[in-house]
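After this come two complexes, each holding chain A, first together with chain B and then together with chain C.
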Partner chain A sequence: MLFNKRTERIFIWVFFPLALLMPLFLAENAFYISKMTSVMIFALFVMSLDYLVGRCGLITLGHAMFYGLGGYLFWMIAPEYEAVNFWVYTFYICMIASAVALVIGFLVLRTSGIYMIMITLAFAQMAFYFFSDSIEFGGNDGLFIYVKPETSIFGLSFFNLDDPVHFYYLCLLSLFNTLVFFRLLIRSRFGRVVDAIHENPGRTTALGYNIFLFRLMSYVIASALGAYAGYLFTLQYGFVNPSMLAWTTSGSALVMSILGGMGSIYGAILGTFVYEGLHYTLEHLTEHWMLFMGALIIAMVMVFKNGIAGYMEKLLEKRS
Partner chain B sequence: MNTQVSLDLEVMLETQGLCKYWGGLKALDDVSLQFYDKQLHGIVGPNGAGKSTLLNMLCGHYQPTRGSILHKGEAIESIRPWAFARRGIGRSFQKTNIYSGATCLENCCVAVQRRMGGNFNFLRSRYTQKVLDEIATEALEKVGLRHRRDVIASQISYGEQRQLEIAMVLATAPEVLLLDEPMAGMGHEESQLIIELLKKLRREYCIVLVEHDMDAVFELSDQLTVMVDGQHLTTGTVDQVREDTRVKEAYLGQGDEVF
Partner chain C sequence: MTTSLFLVQLINGLQYGLLLFLIASGLTLVFGVMGILNLAHGSMYMVGAYLAWYFVEHTGSFGVSAIISAIIALLIGIFVERTLIRQLYRRNHLDQVLLTIGMIFVFNALQGILWGNDPLGVSVPESLAGAIPLTDVLEYPVYRIFVALLCIGIAAVMYFMINKTRLGMLIRAGESNREMVECLGIDIRKLYTIVFAIGVMLAAVAGVAAAPMSSIVPGMGEHILITCFVVVVIGGMGSIKGAFVAALLVGLVDTFASVLVPQLSSMMIYILMAFILLLKPQGLFSS
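Our next item is the complex of A and B:
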């Protein structure tokens, strides 16, 4: 079975139908639709990070580089006043981001542990200052996207990206597909080797695997999906700016991944929603929301040893 | 000096003037040995004699400072560590080194899959290839762990984990087996199991066995090498080595009563 944990199946059956029905009740309230959309986009980004950190054991603080890159790439390659095809540009952006990830991964993956954290951070900061200091890319203010792409396939158009509800469903579909894709990847034979490398790299080398190749491949896949999330973000708000590439973006994504349960993949959705939910609630209660947020996250990480997903599994899985 | 007898068997693995220096420390100094196919070659020596260093170089884990390693006549000392296993040189580890969170079967499947292909197949399930499972099960059968097939590796006994360790090497379909103290930390009965296993295996593979258990080494070895302080002292059959006075002095000090 693709989703081999009961907890995960329950989560999917609760979350996705609810998310599917939500616009029916809240269609009037554009704010909630837009908020949910952005949280789902970020959940997709966290999911790609969760795969790298939790499944491959590659801890990176530079994943936001690809998030931002997704946005900037769209601005770079798309004509300014002409609607392009969404699917074609999704393909372009993922391919270019993969090529970039291939080069950066080649350098970054020679290190591991704390050194890898540092070098990924260094690359991300380089990208951050490159975009925030260059006038061509709008500097600190970023850039506007004036025309949203159209989404026709062979003349049939299912989504109108200017409609928030349509865009909401596109993001929901993307999130679901990414979840399924990662589950397939983990279950595949490639996933077997990735699991083996995560648990015991030395032994895996001794069995004849070139572990560098497998890590590079995982890095490229996760980075391409990270860029896709950034691309969606850009389309939603119609702008890109350097804060997308800031290390704080990587940092909060990492916190969400840990909060949700590292390596569980669906935990990324849980983590992102809980984090953003807390953020939203506390922000409205007090000016010093960050203080309480920090304390709450520390408490949750301490109580839920393997994240929220791990805690739910402890409650719901049958004892073997 | 070379006291090694040449046999009418194929030389699988050979070292020529192999050296490993850690700074000023000569962990291994000018060691030349030949390992024959379908023979078990024991390596003994006191702690710090360089046995593990030698083994770690034979499997590509360390790069030699000087000297070369020949596999079927080809120099391989500069190839990447993972390429050693692809050439059929498999090793087991001194400290148990398994995927302890996975089942015994899965442990062996990782080993089998490398040569079965599909390592970059992103979509097809890892559980669909029955042949892979069968070959992995065969490897478990060989070491007598078939009944533990679906048990998580961390939950089997220490002795069984050592057996699994060997099963994983066998699952890679090697020609050369480098075994680093497979009986370390085992009780008498468990050791006996491994000895029986090695007796079965030694006519099928070229085995290099580093081991502290003297009785086991004497019982199993076709060829025996004694190393002291990173240097090769002597090589010969078990009887030759037993008679060698230098071995008694260098290796056992004044311990005549042992032999």
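Our next item is the complex of A and C:
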């Protein structure tokens, strides 16, 4: 069984059907469709971070580097005024991001704990200033993507990326697939070893596993998915800018992941939706939304020790 | 680069480095002794700068305003430690990250409510307003030299306090073994409150000192926070000596990079950090 925990199953059965039906009710309201899409894209990004931090125990504050890279890579490799194939470019971007992650991961994974947080931050900041200080990449303003890719496979095209509802479904599908992918990965032999490394690196080494290699592979996988999320973001808004790879993007993704319940994977969706929902609501209610947001985050740390997912699981355990 | 320009950049770099040390020392002290990763440390720097502005407007004296700001910062430190930080000693670093990010939000919001979002400025106090001529055409402001000397003074006091006084002894003991200190009948919670409050005060004092040199803007805390983390990590987390060396190093590298390689200047300190961490994964002076 893929979704083993009861809470997780309930969440999946509530969230995905609702998300699937949402455009039927809100098809006229383009704003909500676009808002939901962007939150789902970010949830995908948070999920990849959640796997890295919660499952592998590799805390990074530089994950946004790959988010931004996904966008910039598309601008770099795609011709400017010609529609390219979405699937082919997804492949290209994930491959290039993986190659970058392989090199950076090779360097940063030599450190651990707080030092790893800082060295990942260092690389992300380098990337940030590389893009924001260079004229070729549009500096602080970023760049525009003029033509969106087409999505045909063997001549069949299911999505038209210029249509917000189509794009919404593409993102929903991506999110679901990523969730399933991570569940399969976690339940595979590879995932078991990764869990063992998280629990006790010393013993896992003694069992004959090369823990560096497993960490590196996890880092590459999460980074490639992070880049994919950034690529989707770029396609949605038609631009890339350096704020995508600012450390605050990594920071808020980390907050969402902790909020949702570190390492639970589906918690990433919960965390992102709760955070963005609160942000959106408070921003509309008051000019000083940050005060309430901050107070809520503080309160949540005090109350939910294992994030929202952990809290829900505890509630359900009490009932049964 | 001429000799005099080199000299000016050298003093600039050292002065910037010393200011960084003032902020970073609080960060590294709190981490070393309490094991708390305080991301809201930069906000304290911002609070210091805003308090300085506020009290200069109301009292007219920079000195008085500096003292009041430091005392208020100390009280904020005690309050925050007692109410929030205390809950987190037994939790992991990630919860601390989340909590202190929440605190950043709150402090930024309070800053917006109390003082608005327009850039503010504090003028240099009159007694320190002059400039010392270095050559015929170059001169160096007295205030900056005063700040550098102040930072050296505070560093010396900290060195003395940690190595020669009873409180310092307790801090060093708490750093190496919390349980043992508790067993010896010392109230470690009180010690933690003191250390945290001192850390907050150091950041706020740096904010006060920096107020006349730079404009006071929202978000100034986050910018300096990242730079201070670079300092703390290069020096080795928890090492005050390391923070001192690293702060000067970062100050000099940043200053000279903006003159020599302007296109790489913002990246330079991160390149430095990555390079040092790859050679010494625990920083320069790790314990």
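The rule is short, and it goes like this: the second predicted complex is superposed on the first by the 316 of 320 C-alpha atoms of A that agree within 3 Å, B and C clash if a C-alpha of one lies under 4 Å from a C-alpha of the other, contacts with A are read in each partner's own complex, and residues count from 1 in each chain.
Just so it is clear, a contact is a pair of C-beta atoms (placed from the backbone, for glycine too) under 8 Å apart; a residue touches a chain by one contact, two chains touch by 3 or more.
The model shown is predicted, which means the values in this text are computed figures rather than measured ones.
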Task: Considering only touches as defined above, state whether A:Asp133 meets chain B (first), chain C (second), both or neither.
output: second
Query: Regarding the shared-chain residue A:Met302, is it in contact with chain B (first), chain C (second), both, or neither?
result: second
- request: State whether A:Glu199 touches chain B only (first), chain C only (second), both chains, or neither.
  value: first
Field: Per-residue touch tally on chain A - higher for chain B or for chain C
entry: C
Query: For A:Val14, is the partner it touches chain B (first), chain C (second), both, or none of the two (neither)?
result: neither
- request: For A:Asn210, decide between first (touching chain B), second (touching chain C), both and neither.
  value: first
Message: In the overlaid three-chain picture, which partner chain does A:Val88 touch, first (chain B) or second (chain C), both, or neither?
response: neither
- request: Could you say whether A:Phe123 touches chain B, chain C, both of them, or neither, answering first, second, both or neither?
  value: second
- prompt: Contact residues on chain B for chain A in the complex?
  reply: 59, 61, 80-86, 90-91, 93, 97-102, 106, 109-111, 113-115, 118-127, 129, 168, 172
- prompt: Tell me, which parts of chain A touch chain B in their complex?
  reply: 184-185, 187-193, 195-196, 199-200, 202-211, 214, 217
- request: Using the touch rule from the top, collect the residues of chain C that touch chain A in their complex.
  value: 37, 84, 87-88, 91, 93-95, 97-99, 101-110, 112-113, 222, 226, 229-230, 233, 237, 263, 266-267, 270-271, 273-274, 277-278, 281-283
Query: chain C touches which residues of chain A in the complex?
result: 53, 59, 107, 110-115, 118-119, 121-123, 125-126, 129-130, 132-133, 247-248, 251, 254-255, 258-259, 262, 288-291, 293-298, 300-302, 305
